[in-house]
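Shared between the two complexes below is subunit A, which pairs with subunit B and subunit C, respectively.
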Partner chain A sequence: MGEPLLDVTDLHVRFGEASAVRGVDLRMSPGEVVGLVGESGAGKSAFVCGVVGLLPRGATMTGSVRLDRTELVGLDDRAVSALRGPGVAMVFQDPLSVLNPLRRVGTLVAEPLHLHDRSLSRHGAATRVDELFHLVGLPSGAQQAFAHELSGGMRQRVGIAVAMACSPRLLVADEPTTSLDVTVQAQVLDVLDTARQASGAGLLLVSHDLGVVAGWADRVAVMYGGRIVEQAQADDLFASPQMPYTTGLLRAVPDPREARRLVPVPGDPPVAAYLAPGCAFAPRCPAAQRRCTRTDPPLAPLGTDDTSHLVACWRTGEIGDDVFAVPPPREPQRPAPGEPVLEIRDLHVTHRLDAGVWRRGRRGQVVAVDDVSVTVRRGEIVALVGESGAGKTSTVEHIFDGTPSPGTVRVLGQDLAQAARPERRRLRRTVQLVAQDATDALNPRMTVGAAIAEPLVLARVPRPERHDRVAEALTTVGLHGSDATAYPHQLSGGQRRRVTVARALVTNPELVVLDEPVAGLDVSVAAGLLELLADLRDTRGLTALVVTHDLAVVRHLADRVAVMAVGRLVEEASTEALFTAPTHPYTRALLAAVPVPDPTAPRPAASFAPDTEWTTPTTTGCRLAPRCPLFANADPDQQTLCRTQPPSLVATHDPTRTVACHWCSTPPDDLVQPPQDQST
Partner chain B sequence: MLRYLARRAANALVLALAATCLGYVLASVALDPLVRFRGNNPPVPDEQIRHALAITGTDPNTPLASRLWSWLSGLAHGSLGTSVDNRPVTSEIAERAGTSLQLLVLGTVLGVGLGVLVGVVGAVRQHRWFDRVTTQGSFVVLATPTFVVAVLLMVGATRLNEAAGRQVIRFTGQYTPGHEGWAAVTDRASHLVLPTLALVIGLVAAFSRYQRAAMLDVLGTDLVRGARAMGHTQRSALVRHGVRVAMVPMSTLAVYTAGMVLAGATITELAFSWHGMGEYLLLAAQRGDVNAAAGTVACTAVLVLVLGMVADVLYAWLDPRVRL
Partner chain C sequence: MTTTNDVRPLLASVIRPSGGVWSRVLTSRQAWVGATMLLTLALWALVGPALHPWDATYVDLAAFGQGPSTRHWFGTNDIGQDVYAQVLVGLRKSLLVGLVAAPVATGLAAVVGAVAGLAGGWVDRALMAAVDLMLVIPAFYLLVLCSPVLARAGWPALALAIAALMWMVMARVVRGQTRSLRERGFVRAACFSGAPLWWVAVRHVWPNLASLLVADVTVGVGTAVLMEATMSYFGIGVRVPDVSLGTLLAAGGPAAATRPWLFFFPALALVVAVCAVSLVGDAVRDAIDAGGARG
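On to the complex of A and B.
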């Protein structure tokens, strides 16, 4: 390694008594991409804020951060500010809160240019802004827009343009795609990489997502408890992790390519303020020994000849592959799915815009769900997958609120709209919801036991029986009966999520609706919950509708998958069939964009066109046409069909699969001919 | 935008009419137009009372509905009736609104401006000495009745005048009769000092609190961090990005506050013997002057509705996220 671009030595960041970063060393070469992974509380954010000099007031930083030989620690605000932009620039997680809502985004991109070059002419700035917009793949017309008028992906492109404006030598991206959909994520990361290469900048990519890091980083550093615990070339780290935490993390991540079993890391990530002496991971480490709890192991090279792989573990070389060993695959003896529990037929849901008292719907309405049919049979888990705005939530909400809409919802064969009121209430009770945000879903003033008992109270279960049922439900979800007296805030995020699952299961419902079951949970905690749900599926015959954007979750849990896009179902198939041979171009794009925690796998690709044009969905034809690669390559006649007729779900040669596309539902043996095909 | 304004205006018209009618009915029911004829010795002749009541249209023997109707038809011709001292209410209100306007312009501009400044500095230096002093100070001011503030100011002014040996600050009425030209201007200015100050102190106390809260909200977002990441120093990030965003919601408050001063900073006017709108309403109630009271209510109603529209348009102009 020549002269390092960034050289951090023994960096400490403290917030009062709490140490968020405890002695981090990190070197980056010019043009290198270093991935920084870790769970919440690992100190990633405090570390990067320290590097960029953006720590909040009240934080103290000691150690050394050298950027191109300039020491940043101890510099005054003015001097560091002069470096921010041309020296180091940052891409934030949430561009909407970073971009000033009162300024046009073009002005915002020009701002750093003027800040660092007072003599820059208006024309010169305009030319550079044009260049930058081109670089990040935005039409130059978007310069006139305000941040709130752009989609999430476009906003983050603006964020990248702002960061790249002064051609920084080091780019720091803090969870740059965490709030984005997968297809957009792949596009934005590509843009980030292209922009970086254009100026030869180094990139410090911070992410909790091992897939993202595996796809884009040359070298990976794993943070835990405020320290870097392992650091190696990406290939090396993913292939042969040494530190037990890294091993655990990799075994806990669901892989969309295969439904292998997950190994949850027991316990919860450490809290910075309450760190015991010794290795921060020792309390959760299955291989921990006495010395691990006494002194913190240094970050040392793995071998004498291999200085690129650094590990902080006392037991390096002693422990083999059997820490967090993967259990044998499940061999469930599951009965074939029974009769339908939930049948949604031809559902249409529209949301009216402009909801005032007098003027509801004056500004038009949005078709959220258009002709959607989903069936869940007893004993099967069906996943409803789609990106934000696909209509998943609108579909599910409809089961519970039941405002009159075209289409029918049947529970246990009975139409909810037709059923008499007490009957309808009884039917609804057989369907239980596990909401996405457990913190919001639990009343903070109710004990866990009371919360779980509530559905039983509504079902008029006698009090003595309730107590036993609550204890049983808690055990089922892997909590202790004694947790019933705790309040939600006394539990960790993963435990709270388990409580909501227990509350849904306590009445032995026919169907459980899981809304984004592991969203927002740390990898090691999410693995535990996914395994729990898989256990319930195999042992209790759990019937569930899982609503999620996370395809790895789907692969792990679901028997059947229904893919939604812009309000319509585009493909439905068994999980195995869908993942091995996706048919619809949207499904293919979705699968291709999912990051895989393996650097040797092909990098996630964005095959669907980016949504950088503000296209109103065509209501007459296929709504995906403007972004569809098939449409783009089709001849004019075929395009006319796409534009005028919405494709409906049709059968394919695979009896479990239906696809809604004019051009790809044709199976190889020409079982179904698209009508227009003969004319071409 | 224009369609929105037209719809808003139509709504406002209906509301204003309703408020005006209710105001008149309330004034007629609550006020006794005969109050100033009672207790006179010798008693005022019935003939004269009836004549006076006929001029103001407030004869209690006429049904309330028909009194309201005749007042409304007067309103349609732009007249708010006659007050008990035989002056048209319309011209009286116009004159007094002018007086209130003098107070308003300086008072609100200074009060809101200083309040915003104090709030911003307080938020940026949260929990430091400046923030603590201004926070305690505003609570003291907000908890002190306006007339106490006014009296304290007058005491201070008297001391100042004594120390200076001449009348630097005058605080009774709006002007001293007999001055002309430049002397009249300085005289009015010296009369304006204390009432404006009384108003400003209260406004600064209130607005510094609002602005401090709004600013802290903005500081909690990544906006300032983002600006610093571009290369702004902490100070310039705050000024260029933070303050502007935090000031947008203040626009609505400022507009309404200005309007309320125009409608009558009653206590301040009374304390400094200014003849503004607030004093007029009070006088009307004392003298049983139904037309004056109803006229004041009508003006206030129109003012509030117009200001609501102004505030909304201003907000939409300042914040592109708002669509009218």
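On to the complex of A and C.
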């Protein structure tokens, strides 16, 4: 290793009494990609802000951060500003909040160029902006757009272009793809990597997602409680993790390639202000000894000859691979699915776009759900999968709010629209929703017990029975009876999510609808929740409709999967069949894009064209055609068919699978039929 | 079911969620100071006149417009009436009017705002039209029209009339807040479970607007007292021979520079009373906020 690009030694960041970063050492060579992994509260953000010099007022930083031998700690703001851009640049998590909504993105990319080179001509800047847009794979026409007119993936490309503008020596990306869809995520990471290679910059990739880091980083550092607890070459770290926390993280991440059981790390991530002495992970570590709770272990090389693998653990070498042992696979004796609990037939949902505040009336409408049919039978878990904007949420909300729309929704065989009012109310109560945002779904002024009891009160369950059932629901989801007196803000994110599950289960519903059950949760906590749901499935015969964009979750939980894209179902199959042999090109792209927590696995190749064109979905024909690889390679006749006629779901050789595509479904001979004319 | 029995006493306290709020109010020093002040004032206004030799309407022919003395503690007015006695009687009336009018106005605003916000549609439009109508009609004109009725019905009618003039702006605020709350997950969840409108209002909307409503009551007491003063000044509120802080302030105002006791003592009583109410209001609001998430 020659002269390091970035050399951080003993960095501390404090916010008042709380230590967010407690002595971090990290070295990066030029051109190296280092992944920094950690859960919320690990101190990743504080560390990154320290390196880039963006710590908020009131934070104190001690130690040393050297970028190309320039010491950053103690440098005044003007000097750091000069360095930001050509020296170090940052890609932020949420590009929308970083991009000025009042200026065209082209001028935003040009801004750092002018700031760092006052003599730069307008023409010179324009040429460079063109180059940058080309580099990040955006059409140069996009320069004229405003941030809100671009999709999330395109915005992040602009964010990368801004960061790359001054050809920084070090590029810091803080959760660059967390708010993006999986298919877009792979593309954006690709762009980031291309940009890095083009400029020879080092890349510090910060993420909570081990899959993302595994696919792209040369070296990985795991952060916990404000310190780096393990650091090694990516292959090495994923193959033989030494620190129990790293092992736990790896066991807690669902792997889309196999339906292995997850091992949740008990407890919750630490809070910087309340760190006990000793190893920060000791309270959650199954291998912790008395020594671990007294003094913090130093980050030391694993072997005398191997200095690349560093571990901070007192028990290195003493504990083996079985710290978080994977339990034997589930072999549940589950009965075959029974009668349909929920049947959605030919559902269409359109959202009205209002003309504005002053003029009442319509400006137009958006077709959110177009001819979708889903059936959930008793005792099975069906997943509705798709990217944002696919119409998943619109489908689910329709079950609950019941605004009249074309199509029928049957609960327990009864049509909701036809049922009399009290009957309809009773039927709706048999379907419970677990909302995506648990913080939003719980009244901040209501105790947990009162929140769980609410549906029972509304169903006129007598008080003594109510108490028993609330207590039972709390124990079912792994909370204590004493948590009933807590207010939501006193609980952690994972506990709040469990409360919403308890609230849904307390009425013994026929069907539970789970909207993104683990979105926004830390991996170790999400694993616990997924295992809980799997337990409920195996022991109580939970019937559920899981709405998610996360295919790894699906593999772990669902029996059957329905894939949605742009308002329509494109493929439906049993989980096993879908994961082993996806048929529809969109499903294949979706599966290929899921990051795998294994550096040796092949990197996801973007098979679906990026949505960098401003194409409004065609109203006739297949809406996926503009991005579809099959369409791109098809001959003109076939393209005409795709463009003019929407494919409908047709049966295939596999009786459990239906696919909506003109060219990839291979139906049994007796089912072959020409695509029917549909007047739209 | 042994485990469930253990948590029963806990749960019993949980299902009544307001329990914690009052215990927090009772441990707040601010609340105690405010409540003590308010009770002292009320008690003083209630029994004070009985312990005082002078009646509020009695005219002391030996003392016209005299300053404070041992004979007349707060002095006398131009026609020889004892100001101390008048302040006590006036305070009683003003407190009654203020303490009745403000909660009634806020309550009306809370109900109208929540119903309009939750129901939406034509209910919303009708209620908001009513609010707008009330806002544009000159309040004073209404009161003048009603003054014969008010005169006959006494102070409770006066308090209600004042309340009827104070609720509109708050109703609009509550409606706006309710409409944004309606989009929150917990309100939607309750609606999905088949909760009727009143349930959503009582369990979800009002608790989340509690600090707003309590603040409104607190401010409202002061406003109501002042409004009563204004009305009394124009002769459509409290009437002679009855007195309130309002009539006293109105009468003493012009003489504030020359015979300050006529203005100073009623004004002091008013300030102390409003302060006491504010202290209690703040403490209640803090107690409610501590129960939920801060921010």
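List of remarks:
Heads up, the rule we're going with is that the second predicted complex is superposed on the first by the 659 of 680 C-alpha atoms of A that agree within 3 Å, B and C clash if a C-alpha of one lies under 4 Å from a C-alpha of the other, contacts with A are read in each partner's own complex, and residues count from 1 in each chain.
Keep in mind that, in the parts below, contacts are C-beta pairs under 8 Å (C-beta built on N, C-alpha and C of every residue); 3 or more make two chains touch, one makes a residue touch a chain.
These figures come from a predicted structure and were not determined experimentally.
After superposition onto subunit A, the partners subunit B and subunit C occupy separate space and fit alongside each other. Once the two complexes are overlaid on the shared chain, A:311 sits clear of subunit B and of subunit C alike. Shared-chain residue A:435: touches subunit C; no touch with subunit B.
More residues of subunit A are in touch with C than with the other of subunit B and subunit C.
Of the two partner chains, subunit B is the only one touched by A:78; subunit C is not. Judged by the touch definition given at the top, the superposed model places A:536 against neither subunit B nor subunit C.
Contact with neither subunit B nor subunit C is seen for A:592 once the two complexes are overlaid on the shared chain.
Residue contacts after overlaying the shared chain place A:111 against subunit B, while subunit C stays out of touching range.
Seen from the CA centre of subunit A, subunit B and subunit C lie at an angle of 40° in the overlaid model, rounded to the nearest 10. In the superposed model, A:400 makes contact with subunit C only, not with subunit B. Figure legend note: subunit B and subunit C, brought together by superposition on chain A, show a least Cα distance of 9 Å. Within the complex formed with subunit B, the subunit A residues making contact are 52, 54, 77-78, 81-82, 84-86, 89-90, 92, 94, 97-102, 111-112, 115-116, 146, 148, 162-163, 165-166. Touching subunit A in their complex are the following residues of subunit B: 221-223, 225-235, 241, 244-245, 248, 318-321. Listing the residues of subunit A that touch subunit C in their complex gives 400-401, 425, 428-429, 432-433, 435, 437, 440-451, 453-455, 458-459, 463, 466-468, 470-472, 474-475, 481-482, 484-485, 487-489, 503, 507. Note for the complex: subunit C touches subunit A at residues 1, 3-4, 6-8, 10-15, 17, 184-186, 188-190, 192-195, 199, 203-204, 207-208, 210, 288, 291-294.
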